[in-house]
Amino acid sequence: GCTSTSTNDEKKLVLGATAGPYSDQLKEGIVPLLEEKGYKVDIVEFNDYIQPNIALNEGEIDANLYQNRNYLKNFNEENGMDLVPVFAVPTAPMALYSDKHTSLNDIDKGMTITLPNDPTNLARALHMAEHYGWISIDQSVNPLTASEKDILENKFDLNFKPIEAAQTPRSLSDADYAFINGNFAIDSGLQLEEAVDLERTQEDFLIYLTVRKEDKNSTFVKDLEEAYKSKEFLHYTNENSKGYVKPPYQHEMEEGQ
Amino acid sequence: MSPDLLNEFGKAFIETSWMMSIAVIFAIIIGVPLGVMLFVTREGMFFENKFVQQVAGTIVNIIRSIPFIILLVVLIPVTKLILGTSMGPTAASVSLTVAAIPFYARLVEASLREIDRGVIKASESCGASPWLIIKDVLLPEAKPGMIAGLTVTIISLLSYSAMAGIVGGGGIGDLAIRFGYYRFQNDVMIITVIILIILVQLIQFIGDKLAKAASKK
Amino acid sequence: MSPDLLNEFGKAFIETSWMMSIAVIFAIIIGVPLGVMLFVTREGMFFENKFVQQVAGTIVNIIRSIPFIILLVVLIPVTKLILGTSMGPTAASVSLTVAAIPFYARLVEASLREIDRGVIKASESCGASPWLIIKDVLLPEAKPGMIAGLTVTIISLLSYSAMAGIVGGGGIGDLAIRFGYYRFQNDVMIITVIILIILVQLIQFIGDKLAKAASKK
Amino acid sequence: MIQIQHLTKRYKNTTAIRNINLTINQGEIFGIIGYSGAGKSTLLNCLNLLEKPTEGKIIVDEEDITVLSEKEIRKRRQKIGTIFQHFHLISAKTVFDNVAFSLKAAGKSKEEIHFKVPKLLKLVGLQDKANNYPAQLSGGQKQRVGIARALANDPKVLLCDEATSALDPTTTDSILHLLKEINRNLGLTIVIITHEMEVVQKICDRVAVMEAGEIVELGAVYDIFSAPKHPLTKEFVQSVQSFTLPDRLLQERKGTIVKITFRGDSAENPIISETLAHYPIMINILHGQISYINDKPLGTLIIEAIGKKSDIDAAIRFISERTKQLEVLADVA
Amino acid sequence: MIQIQHLTKRYKNTTAIRNINLTINQGEIFGIIGYSGAGKSTLLNCLNLLEKPTEGKIIVDEEDITVLSEKEIRKRRQKIGTIFQHFHLISAKTVFDNVAFSLKAAGKSKEEIHFKVPKLLKLVGLQDKANNYPAQLSGGQKQRVGIARALANDPKVLLCDEATSALDPTTTDSILHLLKEINRNLGLTIVIITHEMEVVQKICDRVAVMEAGEIVELGAVYDIFSAPKHPLTKEFVQSVQSFTLPDRLLQERKGTIVKITFRGDSAENPIISETLAHYPIMINILHGQISYINDKPLGTLIIEAIGKKSDIDAAIRFISERTKQLEVLADVA
């Protein structure tokens, strides 16, 4: 059952996120603001990319924060769900790192590249590689779930090794290049500035707060939105999420200042 | 360690204990009878029944075939049906239970197989009902082995429970994964691993003591 | 099924077999001696040695305490040292091996504990060296139990090997998770699960047959 | 009461029992003897259906028990007590509970169990070991637990597989006495496998001699002991009546050495006296044994008759007319 | 050769052996008898150090073996064969391999093993069971494997715990014969626990009688049998020399019934003849047994003397002067 909408006066919220930056963001940047408004917030951390949506759809949680719009769209189609993205949040970009090389130009035949193995991040990394001109990807496949099997042309005979996303920083010593999610890079002690290259994250790859369709206009969503769009959170973002790709509203706020 | 983190550990510990307790209790309640069934329907035993033996054996094997992570997912509808929720430690304990039962059942069966056939034959010669033989001969004779098997089961479950995070189950293992693995916080990782080691040592120690006390040989 | 998919399965099957073979071989090569050591250093046995018993037991417990996923991470430097790489099926097999050894060692120890003390005493009375007793008495007497234990170990490993994908190990379980689960390709999921079930049935069947053949009771 | 018809039991590479036909009467004590490996235990295990016979029938009270349902078999087994050669005690249960198990098997109440078990343990002299586990017992103590267990349900038939083989003579005697008493008072039928001929002598009514899975001789104990026919039986009987004289005696003998076997009444007549009264010879008893089987005496004496050759010959003739059997072992030196 | 000094073995709730002092000589066959649970097996297990004594020393060849190192113990054990009460065979190995194990333990070569094992199996009559597993053997067959195993390494000392308890009389005889032969030819020292008094009679030189963990009597077998002192010993000896007359005989007696015990040489003198020659009475032998222990006769006869009261009394006096012991069981009716 849904905990928040049933009793308005109690204002309980259950939010789901995958372990890492987005749940930290919530916990440290957003929850204090919500609590000021009288909410009692529970954050459930998931270790996987399917369950948060299922839990949301089932009404086990009120909102989740871990996916981009494209992924959600695809998920809705695959599972016949009607979850809606509400607004984007500061998102860690995908980054290309290397222990052995300093530039994209060092690419050479037969090099080993590690990249995250979950569908979205794998696709993101592959698209970056395509952008570098290293490979070309089958245009007929869903660009969001493109996998190493959809590589049509591999100009340098690169050896792509999809591994668990959090494993990518740990694989640096083994690989020539590694595509690493920004959050894991930061957590593992890498600086985004040290990256060989950073993803120019498209709007579609920004992480969105997602809710059930019927909650789209409910108070708690508005309150969440308010919190995200607050100055305090912008301040938090600048302090704690250096290098993250900011959502449009934060850019606007900074420009407005 | 920050009080916040301490809090996390406390919560994780309770979650783990909760998940494990449920799974272990059911593993005993259902796994023991299942193990006994697997044994007494074997060839030459008093409930010899190829059909039951095969069917039960196959079901047990099927469940054991499925990687735990898949089991967690597959069981979501069941969990939802039973608990009304598919999230949190209680929900995770459903999958843990389902994994634990066949695992323990096989170990129970293995212990039963070690019993001297002559003793079973002698009990049969008294005209004892199968039920009495199970209760008064098979289970007491296999008790040390069954306790050792339970130790193995609990420790394996502890390892499985680390995957409970997939359905937001939490627990100590999940803490290790979330902080140690996904957030690269080695200190948390080390502490959780130490807690786990202490827990496992404790379980093993208690299990060994109990098994020894139960052994009258 | 497309030829492409068939190919995928073929590859995954080979990867799984490869990882499992390595882990199982080492589980036997190292786990059996370790299990024997745990047994013969017990109280009242001919190599009674509290220290070795405690140390070996603790190491075994420590490894068993660590969730497999953490073990995978912790072992990266070791894997790297041994293989020069920490990725791929061979690398995954290092962690599988490390997980399998203490698991199997405990099951070996449990089988050894079931041996009638009188038989061991009688063998000692011949003035046989401990080595001969281990080789000619303990191992043969415990063989059926050890085979049953190996069956349990292999099946558990199969479940663990599904996590090999974390270090790019591939294999059938990983196929199920990455394509079946994350990409909603239910056909892949179902086929992999069926393959796993058949595999487990086969392992159990062979294990049971071998255990029965080994049992001379 | 128990009719065994064409019973055969084959193992993979051995035929343990070959086409055995045998009737055991109600209330008798029936002995089975034979070499180690002859198939005695196997035969006994067929009687309580712990081994399924390969062929043949076992008819008890006009019913073939080899075709009974599991449930009926259980019911019948409660009235059959079995003492096993290898004890087969429940190692995880105390002596008390091992015996209690039998009573539980027959559905006895708690009170009954607590009343009866101590009595049974006292019967076998184990009252102070009630709380010991089998591993803490000596061999004979284990066997006595097995005996108490078998007697627990006042069985109608008692199957004993070497029930006293681990017991000292005194305990053996008291157990045999006990069995005989129950047999007399309650009409208990007892089938007893033993390799101790004294046991057969002491309590059996009839005895079957087995060899390689077959019954080679069968008869009343007295007949078997006094006139064994099959070589195996002779061997066994001799083993308890071995009359090998030390070489020294044979060498130093002064007269003729004669072996006399008495049977039945002849043993009670003063033959030696009469002989001495009739013939002027000296008789020295060198070796011998007289035992009573079912109250009938059976005796063998080896005597040395010293005197004139003609007197000795006449005396031997005189004796041989009055006894069952006479054999001259060594003539006068 | 083996000196046991102040040996005590305690279990949690029982003292199985209490302060035992005993010397077993080189080359002798030493018997131990006693009630079930007396501590016999425990004593034997202390001798090969399978049980650690709680107190006391065991001195073999002037060395206290209770303080030896593991390695030295192993070395010594190769020269001690043990036959266990409960066989303790390796269930996963064939009969052949069970025996071969002993030889391997002593570091014998493959050839030697293949040469020797069949010989040993033949010795115990199990050549055709070489490839059977223990579970496929009868009780006696298992015991014989145990015997073969114990003899494999030509031990200097053989410890037998009820080595023939599961064997039929013929096989028992042949095993005893075998043991005696090895004892004579190779000077093997044998310690034998048994509850079969015939075994003691047949092969033991000396015997110790145990009760509740203590040795209550110790002596040469002949002395123990002919003049038991301790009540327990008397009981045991009587069990093999039980001379209870059937009631019928006692009631129908016509004369005085006398029990005569012969010892040593007196058994060889024609006492009955002489008595009959001197007194005008009739003598009827009712019961009796003469056996030879270590070639010395030991006999008991129960006779009925029929005649005039005065003649009978005189005859009894005459006999009692010439024999060890005489007891009037029932006077003339």
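Labels for the chains are A, B, C, D and E, by order of writing; each one numbers its residues from 1.
Keep in mind that, in the parts below, a residue touches a chain if its C-beta (ideal position, glycine included) is under 8 Å from a C-beta of that chain, and two chains touch if they have at least 3 such contacts.
Here the structure is a predicted model, which means the values were calculated and not measured.
Shared contact partners of chain A and chain E, listed by label, are C. Contact with chain C and chain E alike is made by no chain in this entry.
Here A-C and B-D were compared by C-beta pairs in contact; the pair with more is B-D. Each chain's centre was taken as the mean of its CA atoms, and the one lying most distant from chain D is A. Note on chain placement: the centre of chain A and the centre of chain D lie 89 Å apart, centres being C-alpha means.
A separation of 54 Å divides the Cα centre of chain B from that of chain D. The geometric centre of chain D is 21 Å away from that of chain E, both derived from CA atoms. For the pair chain A and chain B, the distance between C-alpha centroids works out to 36 Å. Shown for chain B are the residues that touch two or more other chains, namely 73, 116, 163, 177, 181, 217. Residues of chain E in contact with two or more other chains: 86. Residue positions of chain A touching 2 or more other chains, listed in rising order: 50.
Inter-chain contacts, as defined above, occur between A-B, A-C, B-C, B-D, C-E, D-E.
Listing the residues of chain D that touch chain B in their complex gives 45, 48, 50, 70, 73-80, 82, 84, 86, 88-93, 97, 101-102, 104-106, 133-135, 149, 153. Considering their complex, residues 4, 8, 73, 76, 80, 85-88, 165-168, 178, 181-184 of chain C touch chain A.
For chain A in complex with chain C, the touching residues are 49-50, 78-79, 112, 114, 117-119, 145, 147, 149, 161-164, 167, 170-171, 173-175.
Those residues of chain A that touch chain B in the complex are listed here as 1, 16, 18-20, 44-48, 50-51, 54-55, 58, 60-61, 166, 169, 184, 187-189.
Those residues of chain D lying in contact with chain E across their complex are 11, 13-14, 33-38, 40-41, 85-86, 129, 132, 136-141, 143-144, 162, 165-173, 195-198, 232, 235-236, 239-240, 244-246, 248-249, 267-270, 272-274, 276-277, 281-292, 295, 297, 299, 301, 304, 306.
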